[in-house]
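Notes follow the structure.
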Amino acid sequence: WYSTPLRSGVPGMDEILARIVAPLPTYETRDKSPPPPESNSLEFMHFYNGLLKEDKLSFLNKLSQDFGVDHRGVSELALKLLDTQLRDLATILQAEDRLRYSLTPRYKQLFNHISKAEGGVKFLVDLRADVLEIISSKASESPDIRDLNGTLKSLLCEWFSVGLLRLERITWKSPCEVLQKISQYEAVHPIRNWADLKRRVGPYRRCYAFTHAAMPGEPLVVLHVALTEDISDNIQSIVREFTTLQSTEDVNKINSAIFYSITSTQPGLQGVELGNYLIKRVVRELQSEFPQMAQFSSLSPIPGFCTWLQGLLGQYRKERCHPDLLSEQEWREVELATECLGSRPGMPATEALRKLIGTGEWMHSELLSRVLEPVLMRLCAWYLYGEKRRGSALNPVANFHLQNGATMWRINWLADTSPRGVANSCGIMVNYRYFLNDTSKNSALYLQNKVVTASEQVLGLVSQFQKNSKL
Amino acid sequence: WYSTPLRSGVPGMDEILARIVAPLPTYETRDKSPPPPESNSLEFMHFYNGLLKEDKLSFLNKLSQDFGVDHRGVSELALKLLDTQLRDLATILQAEDRLRYSLTPRYKQLFNHISKAEGGVKFLVDLRADVLEIISSKASESPDIRDLNGTLKSLLCEWFSVGLLRLERITWKSPCEVLQKISQYEAVHPIRNWADLKRRVGPYRRCYAFTHAAMPGEPLVVLHVALTEDISDNIQSIVREFTTLQSTEDVNKINSAIFYSITSTQPGLQGVELGNYLIKRVVRELQSEFPQMAQFSSLSPIPGFCTWLQGLLGQYRKERCHPDLLSEQEWREVELATECLGSRPGMPATEALRKLIGTGEWMHSELLSRVLEPVLMRLCAWYLYGEKRRGSALNPVANFHLQNGATMWRINWLADTSPRGVANSCGIMVNYRYFLNDTSKNSALYLQNKVVTASEQVLGLVSQFQKNSKL
Amino acid sequence: WYSTPLRSGVPGMDEILARIVAPLPTYETRDKSPPPPESNSLEFMHFYNGLLKEDKLSFLNKLSQDFGVDHRGVSELALKLLDTQLRDLATILQAEDRLRYSLTPRYKQLFNHISKAEGGVKFLVDLRADVLEIISSKASESPDIRDLNGTLKSLLCEWFSVGLLRLERITWKSPCEVLQKISQYEAVHPIRNWADLKRRVGPYRRCYAFTHAAMPGEPLVVLHVALTEDISDNIQSIVREFTTLQSTEDVNKINSAIFYSITSTQPGLQGVELGNYLIKRVVRELQSEFPQMAQFSSLSPIPGFCTWLQGLLGQYRKERCHPDLLSEQEWREVELATECLGSRPGMPATEALRKLIGTGEWMHSELLSRVLEPVLMRLCAWYLYGEKRRGSALNPVANFHLQNGATMWRINWLADTSPRGVANSCGIMVNYRYFLNDTSKNSALYLQNKVVTASEQVLGLVSQFQKNSKL
Amino acid sequence: WYSTPLRSGVPGMDEILARIVAPLPTYETRDKSPPPPESNSLEFMHFYNGLLKEDKLSFLNKLSQDFGVDHRGVSELALKLLDTQLRDLATILQAEDRLRYSLTPRYKQLFNHISKAEGGVKFLVDLRADVLEIISSKASESPDIRDLNGTLKSLLCEWFSVGLLRLERITWKSPCEVLQKISQYEAVHPIRNWADLKRRVGPYRRCYAFTHAAMPGEPLVVLHVALTEDISDNIQSIVREFTTLQSTEDVNKINSAIFYSITSTQPGLQGVELGNYLIKRVVRELQSEFPQMAQFSSLSPIPGFCTWLQGLLGQYRKERCHPDLLSEQEWREVELATECLGSRPGMPATEALRKLIGTGEWMHSELLSRVLEPVLMRLCAWYLYGEKRRGSALNPVANFHLQNGATMWRINWLADTSPRGVANSCGIMVNYRYFLNDTSKNSALYLQNKVVTASEQVLGLVSQFQKNSKL
């Protein structure tokens, strides 16, 4: 992105900003200022879209620095507010309201106008994606950019409030345009071709999306559901199952809804809660379609597990300490098994294990698979349950479902045997189960007290891990 | 409404409020608090809707007083902000953001959650209608209620932003449900029966409305348009014209779009700009349907003109001064003409005039009509052009169109001869014309400098008035 | 219609017919003739629609006489066919096919082309309505007109085949245009105003119609259904019931579907089976919406009962015989009761009864009502069950439901107390019940063997009648 | 298909036929027979669909032989008709009507009932496809099968009458299901992938289809149109052009509509005119979208040209005569050029030419291409213009457009350089141009008098051919 040195500015940038980002009206005239002509917004959008990436950065820097809050004005009103503290309530409220108004960045008003223009909301969503990339890539560390991001986020939160979203069920009769997007956006279990796609919207499957009036034809968050008898422990049985593609659904075989993929499509809507609401809305939808349905669960990937494990093993090697992740017995079995596979004898067991995990070779050896299963299962349980960052689960998928109030329900061996699944998480997947009566409580416990609700199976694996390891 | 003494409170009110209107999360945890269950919002809505009017008042009073802004917290943060003034930008921005957050009333958060529930947005629109009625009826003069109103208004402004509205053309093929509402809401030229309604959506007519995704089937603001050769000077030729009802539109006869009625249907959306945007959107729509169309104008009623005139005449009588609204010659003619009509001789001319205007009798006398025309036309021109309140046109319809940037273009004699038209404005109506290239400029001039743009005809009448009167 | 003497012909009629009604192509070129330009069809339609009624008659006479079948050609081919009887099958089949082709009236081809033009199908439906009126009013007794009618009917039967019809449920959200038509077409229980109409499409009601792709927005046959606990015995409890208008349907209170009105809207589709199919389709629709629903029944008017009864009584009077419709005891009670009501004493009982029935006065006297109930009920049962015309039930509504395979299930006293109901059928109505397993069998029995399936109640009343009367 | 010896019959076949294909009601009761239960039709459909191909043949043979017309009945009525010739008109008409009725095959009635069942129309379309295959593969030469085909065709003609068809424009927003079918059905210029498909419904392209109410989601005939400045002479510039895929259409660049592919999707609708009507309907649609559009033309393939040419050359070889298709000069040039290309010297020129055309090698040699152009162009012109079968153009595409009234307008060299295009027609394509004022006249001339309307270019090439050849 920002590798080239910043240019001094694109011709016209200052002029455009000065002309189009109007000053805030005074507090008194705030309801009386005529809206600027829509052409202003269109001109702004057009200008921005025409910029090169590096120019966008300098443009956003300028916008956020020079067209934000008037700090002097704010401090004056803060002082005035303090002066009114002993006055009557009406005076205090007025002072507060003036102060609140003065805290509005000048560009917020512009964004409001842009949102009214055709394509304006989508423009702002994409603008925020740029801002987020600037922040995460550290292309700019200006606090003003952070403020700009905060303003955009709170506006987008208003506009993408759930009351304004529309649930759409996607089927093979949906517009091609939409289905193609569904296909492109699917990142969890990539859709390889149109037959594959047809399967995901066919019998015993459901695909739902939220769309928004201001961004027609654009699915914002997509949830794929499989309708099954039991809670699935294997993803291939869902995404590679074509035998029922032509059949009619037998309602008696449908007891469970498995959320096997959820994708947010708009980077610019990061932090705007959509997925949570979509799952809840879909549960309601499914309950009304299948009144007897009682089991709701995800079948989720565990991105990062292998990376985490490799990191751990690497550290052991560096520190040359005796790794207690496996019992002596287990280490021996690993050594033996890898030697059988033709590994260089004498290679340290940690090394052998790292290599095995790195290549995914173990998958093809029944022996190794049997040896590794208990080890990887308890390591994975710990990774999901015990590894935290600032009190939240380190694994982002776990964090998402735990925030929603799900229970960490079952860890499944050989659940995703695709190369991708083996490479990411040694083929392990996890069910986060939604017990509808408990989600509110679980969610609050997790968010406020960092408590992870988990099943006996998961807790058992965790405690096995803890017995072995001093991690 | 609020005639009975306030009751001490409905059982459960305090409990409900305390339980459902959650405290603001701390600044640090603001993105981490789980949303409350939707049942909270539904319970709140159900409880409020079940209250009697007087209980609603006390409920809203409580809500606004006890669940608003934490004033102490605000003043502490204001102090902190002042302390950071010499610190680095990031610190200042943080302090501002905390202050901004602290200025959020606690109930705002509740409203946000309610908006996500089914029927929630409509509930808040209606809640605000209650708040507005409390304020305008002076049932409560609490400044907190005013703050509550301000918060609601700004939320509604976000949600009813133009980008989220959908333009719908209403035709005879629109759902019956919608057409019935169109009929009920029409206040300017009431629709008497379904034949009447069919006319208003038939050939040479257009009916447009904005609707909103969160309030399906509910037209928010409705604009009726007649497609004519020339700019209409008479409303009966529009709403009582049935000869072309079965015909096919002849595009060659369509040069003008006459906006003959615009109605906002939701009292709770007062102050949320919709009508202005609807007119502009419709102009674009019509231009794309009729590329050659060049004339856009309203044909507007003048509510309040007779009342204003009666007030003026009444004042003259009280002050027993010689009214200079009419020339000597004109007064004589009025006296003569009324005597012809059988009026009690010797009645003072002002009295006679008041009575004439009050009853609308003059309409049936060609003589009187001829005598009164110049008088009433110049008085009306003045009323529209010259009478102001806090710098805005006193007449609300004039104020609306002038804010939109229209020109006060033509005042029309015998333009609305219905009893209602005669009683409200002596049958006079006015065209506010939209010259599309000038509306932005006009709007700014009017809103900022209080300048009314008017045609030669109007200015001529105004100056005649000014020559006669010392008003 | 045809009161004025036929004019000698509208200018251009012969020319138009000769030009537009093309001769049949020869058998050999029948698949090779290019279709005439659509403008031909439009010209024909325009010309016909512009004719006065009497000119339409002479036009249709000409069309049917001069542009029908070539009789000479037919007889030649018939002769040829006879000559081929000893030849091989292929030759015979060919001769038959040529004969079949020669039996096509020339105008049939024109109708086929018209059906393809915009509005063409509706034109032909209306044309047939004209033809039917000519036949029934005996304005023309030409056998050619009858042939024309037969040709039109068989074409319409093809085009309005059930596979081409669309079932639409009409609700308050249906287009106003459609609801207005539903209202206008309803002849059985007239809809008085829009509130009334809203009721008929509101909760606990269903309104279904068949529409056709070639006549969009035009309901062809309309069925009104009430959803009730028990099989209704009173129509006012359906069409005058407004208490549940705002309520939500409680599925537990819905056991029965009462077909309380069915209306064919197109006179030109007489004889084209639609109502029968609509009822069956609606039954399927309701079964899928209410799987537990078990009772399907009409609540039907008995048009013609009073007229028939009056005729009977009139005949008795003329023949001065002693009427055995009532027992001695009953006659006495009628005389007594009518005298109580202030009738001229000495008036013959038959006279008194005729008058009572004519005015509907008896309704207001509890005494008379009690006296008349058994009498009128058994007379009505006989009228419905026993009175036939060419083997079919004389009463057209009975004939319709019996053809469909319904059972004559219950005759209801005081079932329609509207003036219309009293005047037509002394307030009596009848339920034709659809036992879904029996309708095929019943229908065949009725159509082929003239057997009317009826309940015990009906048969009981019929046998009471037969004991009294020698009719 | 029918290679295995016919089995003696599937169990139940006779029983099913006898039970379900009811006898015709008598003439008198023809309007009184109740329709059979829908289950009959469903059973018939189910039974037939379950049959193996060879059993279908024997089933259809039985159906057509044993359940057709009652020949004896027909001949009796034919005799009666002859007897009535001297009687009154009404008697004659009656006799004709009875005769007409008796000519109805018994199975026609069954088909009528099937058409009313769900999926029934599609079933009959597919049934006719089977019948057509039987006839064309000569699996059966029974005249009864031919009669069955005729009956089916005339029924389908009624049901697929243009008034019952719906024009749909297919876009990228159309249901995926439909677009996938469009892709599969496209036979003229196969669609390779979804990007390809997106192109064909994108800017400067139109894709239209007729659908039918009884076969929802099934395009019956599909027309692809390119919107261009000039009349295209090359297909790759249409189907391989992706530069304007993202652009907005510039109406000023659109003067011509090029029909570059038309496909009938239902073999069972052979002979049911759809394509002709679709082209005319699309022309109207385009004229209303682009009022200034003046040029309508196909860009059509010439299937069969190479085959025809190879046949011709083969014949020359066999007859060892001196082929006069090319002039001496041209033959020499061919020989020379092929030798340059490394051909075996001394090979006869006809042989060399055959080989060249067979392999398509000449395309890669500029020299050969230059040599062959005049030769192949005039041969192709003759093939299209002069080669006839029973008076119609031998080439089916030419026959289709000439029937529609198009003019054979321009033969284009190197117009389809795809392997398929080179193999089928030496890369040549032809424009059939639609001069809207002349199509009726042209169509009639062609169909009735076998006159082909062609442009100067085409006629010039034809006369060059005729000068050379004595064909």
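Details
Labels for the chains are A, B, C and D, by order of writing; each one numbers its residues from 1.
FYI, contacts are C-beta pairs under 8 Å (C-beta built on N, C-alpha and C of every residue); 3 or more make two chains touch, one makes a residue touch a chain.
It should be emphasised that the depicted structure is a prediction, and the values quoted were computed from it without experimental measurement.
Of all chains, B has its CA centroid at the greatest distance from the CA centroid of chain D.
Chain A and chain C have Cα centroids separated by 64 Å.
Once the centre of each chain is set as its mean CA position, chain B and chain C turn out to be 54 Å apart. Spacing of chain C relative to chain D, judged by their CA centroids, is 44 angstrom. Residue positions of chain C with contacts to 2 or more other chains are absent.
Shown here, the protein chains touch around one cycle, each chain meeting exactly two partners. Chain pairs that touch one another, listed by label: A-B, A-D, B-C, C-D. Touching chain D in their complex are the following residues of chain C: 29, 31-35, 37, 69, 71, 74-75, 78-79, 81-82, 85, 89-90, 92-94, 96-97, 99-100, 103, 112, 115-117, 120-121, 143-144, 146-147, 150, 155, 158-159, 161-164, 166, 213-214, 271, 273, 276-277, 403, 405, 440, 443-444, 447-448. Only residues 172-177, 179-180, 194, 198, 217 of chain D touch chain A when the two sit together in their complex.
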